Every structure is written in structure tokens, then in C-alpha cells.
Amino acid sequence: MASNVLFFLFAGFAIACAISMVYHKNPLYSAVSLVGVFIALSCIYITLAAPFIAAVQVLIYAGAIMVLVVFVIMLLNMDDDKPLSRLRYLYAVGGGLGLILLAQTFFIFYAVMRTPKHAVNADETAGNTLSIGTAMYTEYLLPVEIVGVLLLMAIIGGVILVRRFDPGHLKLVVDNELERRHEEDEKDDFRIAL
Amino acid sequence: MEPSLETYLALSGILFTIGAVGVIFKRNALGMFMCIELMLNAVNLTFVAFSRYYADVTGQLFVFMVMSVAAAEAAVGLGIIIAFFRNRISIDVDDASILKN
Amino acid sequence: MESVLKTAFPFIVTAAAIGAAFGGVMMVVAYTVLAERKVLGWIQGRIGPNRVGPWGLFQPFADLIKFIFKEDLTPDKSTKFVYFLAPLVALTCALLPMVVYPFGPQIADPLGWLVPYVAGITYVGDATVWIAEQARNMPLTIARIDVGVLFVLGITSVGVYGIALAGWSSNSKYSLMGGLRSSAQMISYELAMGASVLGVVMLAGTLDLKGIIYAQINSPFRWFIIPQFIGFMVFLIAAFAETNRVPFDLPEAETELVAGFHTEYSALKFALFFMAEYVNMFTVSVMCAVLFLGGWYVPGLDYIARFFGVQWLFGVGTIGYALISHAGFIFKICLFLFFYIWVRGTLPRFRFDQLMNFGWKFLLPVALANVILTIVVVYFLNS
């Protein structure tokens, strides 16, 4: 009973925040609404006996990713989103896609509801940190390593993208590289000549 | 008495729909980025719900991977947005048309 | 009736616990403000507030009344909704970690002594027996979350929205600069802070704050400040930056930015920001005490009790033990709070580029090196 009430409370909050995110033209309002969605979802994860995922959800999504987004919004100091003036046909595309996806959602809802239920396997240990850690570093070690490499690549990519290259400096690097290659070629030529 | 599995799936589907429609309606890159994050979160919710109803930790591990990918996406995506803003003084995706014509 | 009461009992207990913890934290915070003004006064050769009550003891309440009755100004061009939301977010995020603080050891049988006296009385006797049964081994924590460390880190990282939104919505360039600086600073130092906690988590083998304390119990030489001294220093420095205190108070640097992100805030909204800052200091001090100084563990208390044969009064699990442990916990917190004030009276402010260089090029690598060192040591100790 209590978990039902909590679920519908947080689900309603999440949907309201999601709609407000799409509705608002101001990027900062959208960002704040999205943080609301994340926190509501985190609360739902707690009712699903997944405290670790709930904490990580707040820590990574609300605490890191969205802070970066808010930071960029403040840094760029943008004005409101423009209306779809040139691309009016996108309204039709978006509406159609929305209808299809909603229909799909209802189909899934009914299909799952009509399948015979097997008893909920209320294993409370499935969500705790120990079982997640054990699975992460035994069975799923390779994916975790790959994700680590991916994150490293993202960090380097982010730094390279945002970095302001001093044109003179860049030219110098290129020149040096060309000069070095030229010298090597000459050396090779020299060797061949010998 | 807990909500049943299909309730979570329905919530996830509704959030995903809102996110997908938002990607098409939003015209600035940051808004689209946020809508994509919303869609990823909707998928995470299904993972956690299934993980709960089959008492299997794998679903939660997938959520962890999705979060890492989202973090990587944020780092690169925001980098691209800032670089784009420097060049065009706008983050409207319709202005990203240098290669057109 | 009886079953309704029995169902409602956990809620009543939780509500009472939240009320007690909230009141206690607020009192500590109020007197931290007073202590800060007093200690700063002494450091600078002044007396500090001494007019309201003896030694100025009622000064916090006078300040509060002043904040309530001041005129509440809202800038004309501000974004109203976000402008109202920001102080609420700041204070809520500051107060939320309260629910996982381990305030003291669990008491084995807190109401057992009451049962013989009331056993004969109808209703009351039965009710007391039932409540005593429920209260057995109840830990002095509001919520038992087994990822306490992550919870605290997560909630404090959400707290940055309060400052960022305040800076953005005020529509003033000083506020915006303060908000920008603050979010950049908090993102940067959060990494070092998280990495410094990792060492402790690895040594304790748990993310639960209670478990971390139990890993350091029985001797002060098992406190994690000894094996994790580097982690402790990194945590302490990062904590100063996370709470926007001197020497890292760039977001509100009054010589450059008037008052930073809260330039446009007045009256009670300013008071909320002010309280949030001090509650954050309290949170960080609690985390320091729990992670590195053994939390509520008072060295030698159980030995003394055994030596003098007063285990019924101070032995492990009695009310006396819990009270003294709790006092020890508060003492450790006050030590860190005093350190905060002391540093404020001593050090000048960093420049922004110095702050960023220090965070990314020194603090984070040191914290990561500490993590790697700890991994190696833990691996060889376990194998």
C-alpha cells in the first residue's frame, strides 16, 4: 500500500517534470525540470530495493552531468529557444512519433498484464552494494574495463574539443612536424644514395 | 502490495515518449541533449524494474554502464556544443549548416 | 485501535527522531555562528558579540529575529520562480544528509529498566513491554541506508544547484560570476573528495557509515586517520572548497564580487543561504569524524567501565555508554568546526586560477595516488 502510494506520487512527479522540460523554451528551466525527473526516478529506485543505483543516479546524473549542463547554460548565457518557424513539418513528425510510441507503451502494458505472473522473487540482496560489486568485478569485468577506457577517451576528447588552439602555436607544431618529416626523408634519401 | 511490473514499464514508456518527442521539438542542442538523457533514464527504469522482478543483479549493472556512457556523452557533447557556440554564436541545430550547399 | 497504533509506531518514532536531530543540528549551527564571531574576535584582538545575554549567548536568536523582520526585496528583473527556489534547494540539500548520520552506538535495551515498574498496570504495562521489545537494539540513526557514504556525497553534490540557480536568477553580473565560480569549484573538488573517501571505503569494506565506524572501533590506533593520512588531508582541503569557506570562498569573495551568488538576496532568503553554509560545514565535519576519527567511538571508555566495575552504567550497550559516545562524537565535530573558524581567521583567499590549478593538478593526482597505494596494500594484506 505504502509503496503503491509512493510509486504513484513519484511517477506523477517524474512525468510532470518531463513534460515541463519539453514545454519550457528556456534551457535552464528545462535543466531544472530534468533534475526533478532524475530525483523522482532515484526515489523510485529506492522503492525497487536498488539503493546503490539510486545513490549513483543522484551522484552522476543530478550531481555531475546536469551540473555541467547548467554550467554550460550559464557560461553561454543563452536566450530562449526559437519556435519551429522554418521546420513546421517537424510538428507532424513529432506528434506522429509520440502517438506511435504511446500506442506501443499501451500495447506493452496490456501484453505484460495478461501474461501469467510468476511470484515476485523478493530477493532483497540483489540490489545491495556487495552483489553489484561482486558481479562487476567477476562476471562483467571486461565491460567495466571497456567503459573505463571509453570514459578516458571522452575526457581526452572533451579537452581537445574545448581547448582554444593558439593559431601561431598550432602552425609551429605543424611546421616542426613537416620539417622533421622532410629531414627524415632526406636522411632516407641519403641512405639510399649510400 | 507493490506496483506490478507493467506499471513500471508504462511509466518508462511514457517518459521515453516524452523524451523522443522532445528531441524533435527542441531546436537547441542542449535541449536535445537533455531529452536524450531522459530517454536513457526511461530505459534505466525498465532495467531496474526487471532486475527487481527477476531478482537478478545484471539489470542494475547495465544501468551502471548506461550511466557511464551518459557521462562520456556529456563530456564530449558539451565540448562539441561549446566549440559550436564559439564558431557560430548560437547553439541552434538549424544553424549547423556549414556543410549545406 | 491497537493495530493502528502498532502500524503507526515506526512513523511516530521516525518523526520524533527527525525532530530531535533537526533541533540538535540547528542548535549546533546557531552556536557555530556565534562561536565563529567570538573566535574571530579573539584572533583579531576584539571581544566579539557580548550584548545579548551573558557572553552574547542569545545573539543567534537575535540575529534570526532580525532576519525574519527585515524587508524581503526581490530584484525587478529576476526570474521569480527560480529566485525563490534556489535558497530552498540549498538548505534542503544541506539538511538531507542528516538522515544517515550515525549519532551514537546502538543501545541494547533502552527501556528494559522501565518494564518492572509498570508491568502491573493494565494497558500501559502491555504497551510499555511492547515498545521496549521494539526499541531493543535500535540504532541511533534515522534511516538505515547501506550506501550512506554515497548518499551524503550525492546529496551534497546536488547542493550546488542552490548556488548556481541563485547566481543565474538574480540577473546581476556579480551573482552570475559567483554562481559560475561556485559550480566550477564544486565540480572540481568533488572529484578529489570522492577519491579521498575511496581509501577509507576500501579499508572498511563497506559504504555504510555505521560499518565504517565499527571497522575503527576498539583502539584509537585503528582510526583511519593513521593509515589514510593523505586521504584525510585531501578530504579536509576539498571540504573547505565544497563548503565555500576561506581560503576557497571565491563564490562570495567580497573584495571582488560584492557578496557573490547571494548579492541580491535579503532577509529570510539570505538567512536560508547562511544556514545552508553552516549546515554544510556541520555535514563535512560529521563526515570527517566518521570516516577518519572513529565517529562516536570514545577510546578507553569500555576499559574504564570494566576497570572500575561499573559496566551496568558505562558498559557497551548501556544508555550511559551511548550518551558519552554521543558527547564524544559532538566533541570531534566541534574540533573540526573550530578548525574551520581558525583557518578563516588565518589564511588569505586563493586566486581563481590558483584554485583550479591546485584542485586539478595537485589534489586530484595525490588523491588518486593514495587510492592506488591503498589498493596495493589492501591486496597484499588480504592475500
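A few points about this structure:
So that you can tell them apart, the chains are marked A, B and C in the order they are listed, and the count of residues begins at 1 in each.
As a working rule, contacts are C-beta pairs under 8 Å (C-beta built on N, C-alpha and C of every residue); 3 or more make two chains touch, one makes a residue touch a chain.
Here the structure is a predicted model, which means the values were calculated and not measured.
Chains that count as touching both subunit A and subunit B, per the definition above, do not exist in this structure.
Of all chain pairs, the one linked by the largest number of contacting C-beta pairs is A-B.
Centre-to-centre separation between subunit A and subunit B, using Cα means, comes to 5 Å.
Centre-to-centre spacing of subunit B and subunit C amounts to 34 Å, using the average Cα coordinate of each chain. For subunit B, the set of residues that touch two or more other chains is empty. Multi-chain contact residues of subunit A, defined as those touching 2 or more other chains: 52, 56, 64, 68, 73, 75. Considering their complex, residues 28-29, 32, 35, 39, 51-52, 55-56, 58-59, 62-64, 67-68, 70-71, 73-75, 77, 128-129 of subunit A touch subunit C. Here subunit B touches subunit A in the complex through residues 1-11, 13-22, 24-28, 30-31, 33-35, 37-38, 41, 44-45, 48-49, 51-58, 60-61, 63-65, 67-76, 78-83, 85, 91-92, 94, going by the rule given at the top.
Those residues of subunit A whose C-beta lies close enough to touch subunit B in the complex are 1, 3-4, 7-8, 11, 14-15, 18-19, 21-22, 27, 30-31, 34, 37-38, 41, 44-45, 47-50, 52-53, 56-57, 60-61, 64-65, 68-69, 72-73, 75-76, 78, 81-84, 86-87, 90-91, 93-95, 97-98, 101-102, 104-106, 108-109, 112-113, 117, 120-123, 126-127, 131-132, 135-136, 140, 143-144, 147, 150-151, 153-155, 157-162. Of all residues in subunit C, those touching subunit A in their complex are 79, 82, 85, 145-147, 150-151, 153-155, 157-158, 160-161, 164-165, 167-168, 176, 179-180, 183-184, 186-187, 190, 206-207.
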